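A, B, C and D label the chains in the order they appear, each numbered from 1.
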Amino acid sequence: MNELFILMKSELLVTGLLFLLLFIKIGKGIKNESLLLIIQSLLLVNFIIGFFFNKEGNLFDGMFNTNGLIALQKSILSLGVYLISLLFADWFKKSEHMAEFFMLMLSALLGMFFMISSGNLLIFFLSLEMATIPVAAMVNFDLDKKISSEAAMKMILSSAFSSGILLFGISLVYGVTGTISFAAMPAVLDGSPLMILAFVFLFTAFAFKLSIVPFHLWTADVYEGAPFATTSFLSVISKGSVAFIFMATLYKVFQPMQDVWYNMIMLLSIVTMITGNLFALRQQNIKRFLAFSSIAQVGFILVGMSSNSPAGTASVVYFILVYTFSNLAAFGVAAAIASQTGKEKIDDYKGLYQNNRFLSWVLALALFSLAGIPPTAGFFGKLFLITAGASKGNYMFITIAALNMIISLFYYLKVVRAVFMDKNDFPVEKITIQFSTKLALIICSTGIVLAGIFSWIYDYIQALS
Amino acid sequence: MSGSTIIFFMLAAFTLISAVMAVSTRHIFRAAIFLLFTLIGVAGLYFWMQYDFIAAVQIIVYVGGITVLIIFSIFLTQQAGELLPKQKMGRQIFSALAAFCGFALIMLQVYQHSFNQTTATAIEPTVANIGNRMLGVNEGGYALPFEVVSILLLAALIGCIVIAMRSKPVTS
Amino acid sequence: MMEPGLYHLLFISGALFFIGVFGFFTRRNLVTMLMSIELILNSVNLNFIAFNKYLWPDKMDGLFFAIFIIAIAAAEAAVAIAIIINLYRSHGSIDVESAEELKN
Amino acid sequence: MPNATYIALIPLLPLAAFILLGIFGRKHFKNSAGIIGTFLLLVSTALALYTAYGYFFDYGKVNGVYQKLIPLQYNWLQFSPGLSIDIGILLDPISVMMLVVVTFISLMVHIYSLAYMKGEERFPTYYAFLGLFTFSMLGLVVSSNIFQMYIFWELVGVSSFLLIGYYYDRPSAVAACKKAFIVTRFADLGFLIGILVLSFYSGTLDFNTLIQRLTSPESSELKTAVAASFLGVSALTWGVVLVFIGGAGKSAMLPLHIWLPDAMEGPTPVSALIHAATMVVAGVFLVARLFPVFSMSAPALEIVSYVGISSALFAAIIACTQTDIKRVLAYSTMSQIGFMMFALGVSGSGGENGLGFTASMFHLFTHAMFKALLFLGAGAVIHFIHSNEMKDMGGLRKYMPITHITFLIACLAIAGVPPFAGFFSKEEILLAAYQHNSFIYWIALITSGLTAFYMFRLYFNIFWNKEHEPQGEHHHGEGGFAMMMPLLLLAVGAAAAGFIPFGHFVSSDGAALESEFHFQFSIAPVALGLMGIFTAMWLYKTKNNKPDKIAVSLNGFYKAAYHKFYFDELYQLITKKIIFNLIGRPAAWIDKNVVDGFVNATGSTTQTISEKIKGFQSGKVQQYAIYFLAGVIALAVLFIYVWK
């Protein structure tokens, strides 16, 4: 029994937090400000505990697995959630249902934890739903905005459709192999056409959650309509967690079918990068812009994932860590501007530098990192992905990926240019930033700079993978 | 042809025809009722396979829960007697084509596949067996998913309450 | 005609699945779209039970999967209906084409 | 052994300047930023000279051969047991020479800018960027690991981007820095893939190991790299050619040179730094660094030499026609870098064969001196006249005597008149070309005659020609001591650097190379050079209409050259043609005259395509689901039936 508490410590802790919040909410009488402070400190504790008492093992007849790498992945997600709680303080304090928002976010996080640890298709499916359904509700949290409910509708319907396809795939896998356990599966995968069909069905559920083209169409609409806190949760935490389990599934469970999935990933990675870039070029709304840029980033993650090696695992985990910092910083700046001025258009960002030096620099740093310009960590992240992908010797693929990296420069630089160089008669006025937001932006910027320079971070990830 | 076979084909026909009606009728109430019939038909198929427990769950949760929920939401959002809007013809044809292609592909693969089969002794799907496994933590136990689902339902509940409980009027 | 068995059930579930998919593509009312989703989930359940009965009766994985799918379907339907009702209140309609503001 | 701390301080001091001035400059060092930056660089220069002295005269030479020393190595990222990215310092003759060149030129620029940039609003930022630029270049030259070099290579790109775009309120400066950045990044992509290919076959990223594994005839790595082929060319050749593309981009070789002339938008001292010692020579340095590997692949060397010679000739012809003095100098840089490149291309490795290598490095060294001098001199002239155009100048010899004399020395040096520095290095290059490939030799000879002509055209137009008419405004003279001192120091260098027995220090295999003088051999280049000078004198010394007449009689050719051989236009034409066929809407494109055609056209193509495909994102959730299902079916069919 003791082992259960150690192996499932993150899950139990998050569940505990969830119920604590529930009781606080029922008890009432706490102001948003103090409640937010409590939540932030609890999330920090949650993040820190992720680094202690890590042990390898499994529970419930292999339904639940954990090891050092999985614990690290959970820590990255916890860090992201902690940063979100800091970044959007302004919006949280105004929100009527802050406690509920965090409850939903924590249950989604719990779902992601179970998903990363899952050792069986059933628990995987349940936790995937658990990481989706509360998020759909979170999308609807700008209750007095029409686009918010439209986005929530699109999200819940698309994801329900996608789970339908996923379930059909799982049922076929079950029919062909007779097992739903990840551990038993590689031995019984036969690579028959029906199995490939089932695999494609299964694959598209991951593709849907990761916004791989052509399963990405919901992404931009939902990102635009959702509140910033939800958007950043979706684009960072949700994507990260699915990328982790996707990689684990491909490498461990579908290892015997690697020829099939390598080609599939290569094809979709190319399509995804190109489409993401093309759409990002023409966006005016900052959220849509970041949505498409994150689609292009996912194309890159697939490059590293295609390598099917420990180096691939390490590069993907490292990239997601860097991506967490960069994307959250970008969303944080955009949210700070939007919450005080209501401006979400890139044209409105012209001349931002005149009145908001700090925000401009953080945004520039984040965008440079997303564009993969050295010496930011984003450069190293992309570099490791490419190096890992190149180990397969498919240089055509790598060249296309690298070319896309350059195309992406166009639109990232476009925003940076708007911020620093373009003239604007009515630039965004001086924005007062909440202390906690500032703290989170500083953490993100530091992360962007230091994660590239401190080689031990990558070494640590590599040692685990 | 044995009686069991006849029952099977009747159930199958009943289910599929109701399903087709449920997605094609332009009266929303009729659609809901046909959905109900489909669900009952599926429950009938479970009975036919002698999976009584799942058939019962199907009837209780689906027929008693989800369909009622759907009918309630129809009450809340629809003026009675109004016909559902028609979809564009192009979309209808294209959708039918896509669905048919998918169906053909799957059936082709399924019929070409020779499924493996277990040789071990079967476990009877009795309520006792199901109950023991549902809360078991050892091999073949499903305690963990059970707990996960319970938290998921809690989260769904919270989400529903917040969204449905809106106080301020919509601004834009 | 032979004794009904696995392949017949798979045919029914496949047909049910794509009837649901067709409904999801063509129905403009959000509630009816949700009904189509329920059809899809039911077809999957049928698959699981059929596989469990005819191929792998030694364990009850398929059966339990079906039970949990029903639970998930309920949760999903509840949240979806909450969202639809909220959409109805803000848009005054539950036609899917009334909510197409987010695009491009 | 050398002391690693001193050597590490050479790049780190400019970095310190960058950090100090970048963070605190605007508040605390508003006026003293220049002094601080210059002082730190002075220390760094002293250390570089000390290191060079130690290396060349004390510990560097063992049994008559200069060793490759690694005084510092820090294991930074370990990919796998054999493959790691290290941060280290590699000392060999070329890196030590580059240390001296970079610090010295940068110091001159620092001192010069004290006066030149005085009163600029972002003065501390300017010095911070200069520090970063110097740091990146120094880090590049001492890199012990090909990957470390790549990182610094990118940093050089970023810092040049910052410096070229220093006047960020000028739209042309913004366009220029964007162009420079994006064009060089396209080239860097080649470098990166080249690194991946080379490291894949050699299994290492460390320069010494990589060179050793890919050059010793019995190594298995070399055999696999030569045996593996792609499109009929061996992997080794692919690797080095891709690396060369990176070098060609930074060094502005044909056809990746389009960024260089526009890069003049930066402050003039920055141009001096970019052209003389840092960015553009990085490409030459890269080829020189990997030269042993290049010399294993004959086709690669051939590419290097032909790209080099064609850039040299092409740029020299264009330079004859430009009227903006900074542009003339920019094209002359491109031409001279072309000389260095083809000198490497015609060289062999080891012993007497390595003459081209030595000559190339020698030319890099002397060129740094006189090119920095030319740019700083031009800066003084521009400072005085407030214009870049030749037509606004003339008769300045009386008003700016020091600038005049130093500029003349630099012109004589670049024209290859004995006994100035350029004569010696150019002669070695020509000799190497003569021994190897007579076709290249003849072209190079013609180019060196052209060089003399366009340089003296510049010289006479600035300092002679018509009389200068002071326009009433008060003249601040030539600029103070801070501006003249670098000119004088560099003039000494440009005059005397040729007498250094360069072959004793730098050669392809570390052993001393005796350079011989062939009196008869130098007759032809010197005569051609003098001929160029006298032609320029005849045409431009006094105001007359001879040039116009010639221009008229050579109308077509002159015009073509004036428009840079329609190169930008060609780029546009090609891209437009492609877009044509793709989209089929020709009319809208034809009259749109975009200056930086290639970059913009690519941008607008993607823009157009992205406009076309927006229909996918229709906002209709059912349509999304249809695409979803279509994707599922397509993937399934593809992988079940087609792509097994």
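Keep in mind that, in the parts below, a contact is a pair of C-beta atoms (placed from the backbone, for glycine too) under 8 Å apart; a residue touches a chain by one contact, two chains touch by 3 or more.
Just so it is clear, the structure is predicted and the values come from calculations on it, not from any experiment.
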Across the interfaces B-D and A-B, which one involves more C-beta pairs in contact? A-B
Using CA atom means as chain centres, which chain is nearest the centre of all the protein shown? A
Where chain B and chain D are represented by their mean Cα positions, the distance between them in whole Å: 69
Provide the C-alpha centroid distance between chain A and chain B, rounded to the nearest whole angstrom. 31
Per the C-alpha means, the centres of chain A and chain C lie apart by a whole-Å value of 27
Centroid spacing, where centroids are CA-atom means, of chain A and chain D in whole angstrom: 41
Note the residues in chain D that touch 2 or more other chains, in rising order. 614, 617, 619, 621-622, 625-626, 629-630, 632, 636, 640
When you check chain A against every other chain, which residues touch at least two of them? 122, 126, 129, 133, 136-137, 140, 143, 146, 152-154, 157, 161, 175, 178, 193, 197, 220-221, 282
Where chain B touches two or more other chains simultaneously, the residues are 91, 94-95, 98-99, 102, 105-106, 109-110, 115-116, 118, 140, 142, 145, 149, 152, 156, 159-160, 163, 166, 170
So with touch defined the way it is at the top, what topology do the chains form here? Options are line, ring, star, complete, other. complete
In the complex with chain D, residue positions of chain B that touch it: 91, 94-95, 98-99, 101-102, 105, 109
Enumerate the contact residues on chain D facing chain B in the complex. 622, 626, 629-630, 632-633, 636-637, 640
Inside the complex, what are the residues of chain B that reach chain C? 1-2, 4-5, 8-9, 12, 15-16, 19-20, 22-24, 28, 31-32, 35, 38-39, 42, 45-46, 49-51, 53-54, 57-58, 61-62, 65-66, 69-70, 73-74, 76-78, 84-85, 87, 91-92, 94-96, 98-100, 102-103, 106-107, 110-111, 115-118, 120-123, 125, 129-130, 133-134, 140, 142, 145, 149, 152-153, 156-157, 159-160, 163-164, 166, 170
Seen from chain A, its contact residues with chain D in the complex are 153-154, 157-158, 161-162, 165, 193, 196-197, 200-201, 203-204, 208, 214-215, 217-218, 220-221, 260, 263-264, 275, 277-279, 281-282, 311, 373-375, 379, 386-387, 390, 393, 395, 398-399, 402-403, 406-407, 409-410, 413, 417, 420-421, 455, 458-459, 462
Help me check something: in the complex, which residues belonging to chain B touch chain A? 105-106, 109-110, 112-113, 115-116, 118, 137-145, 148-149, 151-152, 154-156, 158-163, 166-172
